[in-house]
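Naming follows writing order (A, B, C, D, E and F), and every chain is counted from residue 1.
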């Protein structure tokens, strides 16, 4: 079942790669290039998803994180390179931006905590980003950054528990799940605070 | 399993072409079109029951969109 | 899934994709993206992933609002 | 020195290649060429059926997408690459939090949520057997964020 | 436990097991590892040089000033890059190798992103775009290997029983080329103009070692 | 082992001297005596030594030590008939030495040398063609296996001429005064070695002499086969003379053109090898 489907999927993915990279080849505008790399990222994930095992699913998560990381870094380099430090227009509010954030964020963060790990972090992160985007941010940058740094260290510790003292696996899995949630959610929500002018 | 897979592949193909050859050269056009292949990938993941990956993907796409709009806000339309 | 439903929802998603490609106005395109989501979410729900369907239904509008922020300025 | 746009074929190629604005284009061209080779060799590819961590889903289980068998707090059979390196292999997969147990007992359709609350096959892979992947990957996020934050805070110079 | 394989890199010397991911040393990878270690240590220990510029049309010259904050950031990135390189050269798992490779790519962007010179930043950006699109062949190669052979462990893949498709190998090389930009000398040459020799050197060290490592992997498969 | 190391150093320095002499004679100049390079090295060993105040101090010194280290190690790999991949790995690491030399001093000339060294990254690419071809033909990358193969099938240079050509190109781009030696072009003084003087320069001279010795030695072992030691030296000398003629007669290319020429050559060789692999 999976066999012929895999080859068919691979054919579509290759065709997609050809089209997308042809577009990249022809593109000369830098921001259009960034948008096209986002498309390329999706095609990379398709190739992984086609493997169709639990392992493939586990590999998609790192793939995704690499993608968003590079996007974050490269788009920031772009802004600096082009000298774009302020939004072009004044902040603007739509009606939903006043009513929706609290409920949506609450739901997403709660669900994220239940999920835990990466997925939870990303889901909770969306909620946090949305909230900060709508409500503006205050100067909690350093605090969140520090918390997320500690969470990272905690996760590394959990990894070594797994490798060195596997009998404490339960403790390790709880630590890992919690730490990754905190770390990913923290980092992602910081993106939300980076919206205004430069944060001196 | 096939319905999701086929639909996913179709959306992916349409989306890739839409992003690669947009109707006009506005950034916004490409940004919105990017959602189409994303739904295609979502369905492909669904057809293989890769749900955790699917959830993460949707969340990360939302954040990626935010990062891109953030650039667009400063860049302005060209 | 019932085959009829599969065809109907698949058609909705494809229709949305077609509209998203064909339209020029950003608002119309965003609505078309919403239509795709409308066609896709039943597939998720049908497989029993109700929680996933809920999450997707929550996150897709967030994405739309984010894009809307830029669209508004375009229109203005 | 010859003026721009002239010269031998070699110096013309050199000039094209030495403009780094074309970097992405040159790379994209390389990928296209290789992908065309890939399309041509597509008929010779075949999907290997003996995969590690294959998916076997019990549709009737209340833990639907993530039930890989086994009883909570006990091992489950997981087809890992080197099972001997992970003495507690399978425990994470089968583990359920009390909350998860409650959901599993009462409902049919909250599978993902239940098992993903620490425990489940993905956590087994990400934290235990392939934990190093996750180390690297969270480091990548860390580094990327450091770059973005540094540039953002530096602001206009 | 597992018998160490003898492949192109020479007989296996020592293995470090992290569950399914088994890192191991052969004489070849050990040499690469030591080299990466030396340059990481240099990035930690050495102070950057002060660039001297000649004023043309006269015989004056001046020494450029370097801000300490920028250098701290650069050093951090260089060390991260060194660690990623260390990981990549001893990795015994294809996917893990690709992850380390993309980490090298992103730290390379970081090392040069500290400069305010627009010329250097533009080169860094172009390289960043290549590093991003390189994840397609990089992860794609690893994914095709997994799908067609059912394993990611290099120990299994290096065995004679498993045939890795040509396209997967080509993708892997292409991906490493993009992340380490080994043959894309142009952007790299522009980046080299930036001050901070011990850190800029790390960019070259990492891409070179990655290239040497992927050659070994692809030939062995 | 130490005796061979010392022999290698002196032989390498002597080869450099011969190289200069031959180029001079071809161009109708008298040229320096052949032992000039040996004297140079000795002279530099006793000259005053310090580190430029603008330099990145640790790196400035470490690079010289690394250069000595990798070429000593490369010589031993060759003598122990170890892995060809390891040998070529050492060769590639030499690139880092070139970068490091130029970057560490802070001098603009050194910097230009380093940038040109980055640009000429393509000079390493032919090596991969060589490695690929050798592996394809002999099925192994251990030098001992390659020697054994040549015992049976005759010299590899005859079985796989383009691979030999590729490696010849590599050696050519590394010798002094070669058309590809943009790193040391005179318009940037001594390129990346400008600021290294005194003991550091002596160390570099020793390392570069070893490099020449090892590369020529490796070429003979890989493409001609096991010979008596005197015969090896003779073949190396012939090889060097041919290189000297090329260097004497060809003008230096512009930086980016060297890349294009080398890449095109590698591309052609790669196509040949792939075709050979598919047909053979």
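Keep this in mind: contacts are C-beta pairs under 8 Å (C-beta built on N, C-alpha and C of every residue); 3 or more make two chains touch, one makes a residue touch a chain.
Note that the structure is a prediction, hence the values are computed from the model and not measured.
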item: Chain ID, smallest distance between chain and overall C-alpha centroids; value: E
item: Pair exhibiting more inter-chain C-beta contacts, A-D or D-F; value: A-D
item: Chain located farthest away, centre of subunit E as origin (C-alpha); value: C
item: Farthest-lying chain, centroid of Cα atoms versus that of subunit D; value: F
item: Centre-to-centre distance between subunit C and subunit B (centres being mean Cα positions), rounded to whole Å; value: 11
item: Where subunit C and subunit F are represented by their mean Cα positions, the distance between them in whole Å; value: 61
item: Centre-to-centre distance between subunit E and subunit D (centres being mean Cα positions), rounded to whole Å; value: 19
item: Distance from the mean Cα position of subunit D to that of subunit B, given in whole angstrom; value: 18
item: Residues of subunit A touching at least two other chains; value: 6, 10, 15, 17, 21-22, 24, 33-34, 36, 43, 45, 50-52, 55-57, 59, 61-62, 65-73, 75-80, 85, 88-89, 111, 115, 118-119, 123, 126, 133, 162-163, 191, 194
item: Residue list for subunit C, restricted to those that touch at least two other chains; value: 47, 49, 51-52, 55, 59, 62, 66, 69
item: Where subunit F touches two or more other chains, by residue; value: 259
item: Which chain pairs touch, all of them; value: A-B, A-C, A-D, A-E, B-C, B-D, C-D, D-E, D-F, E-F
item: For the subunit F and subunit D complex, residues of the former touching the latter; value: 254, 256-257, 259-261, 264
item: Subunit D to subunit C touching residues, read off their complex; value: 64-65, 108-113
item: Touching residues on subunit D, where the partner in the complex is subunit B; value: 55, 57, 65, 112, 116, 120, 122
item: Subunit A-facing residues of subunit C, complex; value: 51, 54-55, 58-59, 61-62, 65-66, 68-69, 72-73
item: Subunit F - residues contacting subunit E, complex; value: 53-60, 62, 66, 73, 82-83, 85-86, 89-90, 92-93, 95-96, 99-100, 103-108, 111, 114-115, 118-122, 125, 128, 131-132, 135, 141, 259, 263
